[in-house]
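Below: a set of structures, written as structure tokens.
Two complexes come next, and they have one chain in common, subunit A, joined by subunit B in the first and subunit C in the second.
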Partner chain A sequence: MAHPTQLGFQDAASPVMEELLHFHDHALMIVLLISTLVLYIITAMVSTKLTNKYILDSQEIEIVWTILPAVILVLIALPSLRILYLMDEINDPHLTIKAMGHQWYWSYEYTDYENLGFDSYMIPTQDLTPGQFRLLETDHRMVVPMESPVRVLVSAEDVLHSWAVPSLGVKMDAVPGRLNQTAFIASRPGVFYGQCSEICGANHSFMPIVVEAVPLEHFENWSSLMLEDA
Partner chain B sequence: MLHLTAGRVAGLFSRRGVAALSSSSVKMASHGHGGVTEQADMSVPLYWDRLDTPLPDRPYKDTLSAADKSLKQKEKGPWNSLSKEEKLALYRITFNETYAEMKKPTGEWKTVMGGIFFFIGFTGLVVLWQRYYVYPPHPRTLDEEWQAMQVQRMLDMRVSPIEGISAKWDYEKGQWK
Partner chain C sequence: MAEDIQQKLEKYRTAPFDARFPNQNQTRNCWQNYLDYHRCQKALDAKGVDTAPCDWYKSVYKSLCPLSWIEKWDTQREDGTFPGKI
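Our next item is the complex of A and B:
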């Protein structure tokens, strides 16, 4: 989760998110360079003492400021497309989980081996134990084994929702009547928070997502316990 | 040339703003903008005083008095026979303002900055009133104690341990790095 006043991305918890962070650094640097250049040019033009400002033509600079932006765009496009295709690679998941969006909670179904299903409601502010995160905690977390490719099939039971976990670099719209697939690998154990990312009614801001990545044995223990409780 | 003197957007409700937006030929007589008062006929060569376009399409004085005409005749001869006053008069026939007059500061910036600070101040008052009369009380999670427990919990669960918050905590010494 983000600490208060955090502006930048959260640390990556999956390889794809690491790639996205690096790409963002690259693109932002280009943007900052161009913005600085433009700001400098604006100040130079505003503060000049020269009176003849209306040059009619100049072939050389026109060529430069056509070719250079094209080159810059290619330099942005190549890493971007690389990551796009990376995200779509065949990933042979170890586990498939269905995340279904409802008004206003998520439900998760682990049906590879047994039939495990449960709802995940936000813990209301008045029920939080001291130190818990307001509007982010849920009663049941989506537990996954760490360092394993996990496939998430996202859909919705009523209106549009979106299943998003920023530190895993995952966001997938939950469309009623449609099954969307996304995947991630949690590179480290931890608890990763996200929030519903498609407006879905009054409590759209109050249906968070919590993914807990644990070692495999812990995952197996957890799923046995959950099946007993069900 | 037509100059918009609408000044600040917030002046939309002021006479200045309304007049400037409704008719581009109205000149508010302030900060040196009170000269021209009628619509320019763009189908004939115009005169202008502009720093960036130095040579207007026509001289300032179209119709010359008899004295001006005789001066123009004298201008056709050698120029060092012209006195300083005659040279200045010739300049004033062709041009309205000198460069020094065109570049003269108007002090308009003081009005603009004054308006900006005034409206920022007013907005500040509105914000203070809102905070006191409109906003609900803070949730208990924003208390100092809760925030401290929250940070401790984030450190315990190793939130952002690579470059983020947990990376800045020294777990051995139990303090920030």
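Our next item is the complex of A and C:
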């Protein structure tokens, strides 16, 4: 989850998010270098007594500051496109989960074998136990097996919502009448938090998402328990 | 043929990648498999043949389609107001 005064991304919990994180580091470094250079040039120009009398015909520098930006843009574009195509690869999911957005909670359906479905409401602040996170915890979590490709089909039952989990690098709009597909692999066991990312009414800020990645046996035990409880 | 279907169903994990629906919007994938299952049922029933091959489509649409959509369509079929052609 995010912590107070955090500036950067949350730790990556999926291979795609790791790639995005590294790409962001790369792009931001380029941006910071260029900004530093420009700032230096501005201060140098402002604080010199020299003036330039020859203001015509500077072929060499013109060529340099045309070619160099083009090269820099290519250096940004290539990793970016690599990640874009990586995210678009055909994957072979082990599991399909449907995440349905409602006003104001999510419901999850695991229907590959049995009909397992349950609602996931935010835990109100006054009901939190010590150590739990305000506005982020839910009564039922979306449990997934770790290191398995999971397909999530996102939709909504009333208005627009959006299913987002930053540490997994996933965000997908929930549109009524439409099934939006996204996929992820949880590279490590853990609990990953997200929040509804499309304005959907009074309690838009109070319908969080919690994904819990566990070893396969734990996932199987959990789904049997959930089916019994239903 | 029937044995292949049985094997495929026994090894079923989840709906596999369908090249007819390669993109983000899987609405049509769910709809098509729902239609295909009921058309298959209707056609094989009419011939008096075992409808086991149709179970593949059922597994796929159960994996993909939200439960509320399936309930709504089942009710519409019973009422005769289902918009698809079966």
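As a convention for this text, the second predicted complex is superposed on the first by the 224 of 230 C-alpha atoms of A that agree within 3 Å, B and C clash if a C-alpha of one lies under 4 Å from a C-alpha of the other, contacts with A are read in each partner's own complex, and residues count from 1 in each chain.
Convention: a contact is a pair of C-beta atoms (placed from the backbone, for glycine too) under 8 Å apart; a residue touches a chain by one contact, two chains touch by 3 or more.
As the structure is a computational prediction, the values presented were derived from the model and not from experiment.
Trainee: In the superposed arrangement, does A:Ala183 touch subunit B (first), subunit C (second), both or neither?
Mentor: In the superposition, A:Ala183 contacts neither subunit B nor subunit C.
Trainee: Does subunit B (first) or subunit C (second) touch A:Thr51, or do both, or does neither?
Mentor: Only subunit B is touched by A:Thr51; subunit C is not.
Trainee: Name the contact category of A:Val191: first (subunit B only), second (subunit C only), both, or neither.
Mentor: Only subunit B; A:Val191 stays clear of subunit C.
Trainee: Once the structures are superposed on A, label A:Val214 by its partner contacts, choosing first (subunit B), second (subunit C), both or neither.
Mentor: neither
Trainee: So, A:Asp11: does it touch subunit B (first), subunit C (second), both, or neither?
Mentor: A:Asp11 contacts subunit B only, not subunit C.
Trainee: Answer with first, second, both or neither: which of subunit B and subunit C does A:Ile123 touch in the superposed model?
Mentor: neither
Trainee: Touching A:Phe133, do we find subunit B (first), subunit C (second), both, or neither?
Mentor: So A:Phe133 only meets subunit B here.
Trainee: By the touch definition above, which subunit A residues appear in both interfaces, subunit B in one complex and subunit C in the other?
Mentor: none
Trainee: Of all residues in subunit C, which touch subunit A in the complex?
Mentor: Interface residues on the subunit C side: 12-17, 22, 24-27, 29-30, 59, 62-68.
Trainee: Subunit A touches which residues of subunit B in the complex?
Mentor: 51-54, 139-141, 145-147, 149-154, 157-165, 167
Trainee: What does subunit A use to touch subunit C in their complex?
Mentor: 90-96, 98, 100, 109, 111-112, 115, 117, 151, 153, 155, 157, 172, 177-182
Trainee: Show me the residue ranges of subunit A that touch subunit B in the complex, using the header's touch definition.
Mentor: Touch residues, subunit A against subunit B: 1, 3-4, 6, 10-12, 51-54, 125, 128, 130-134, 167, 188, 190-191.
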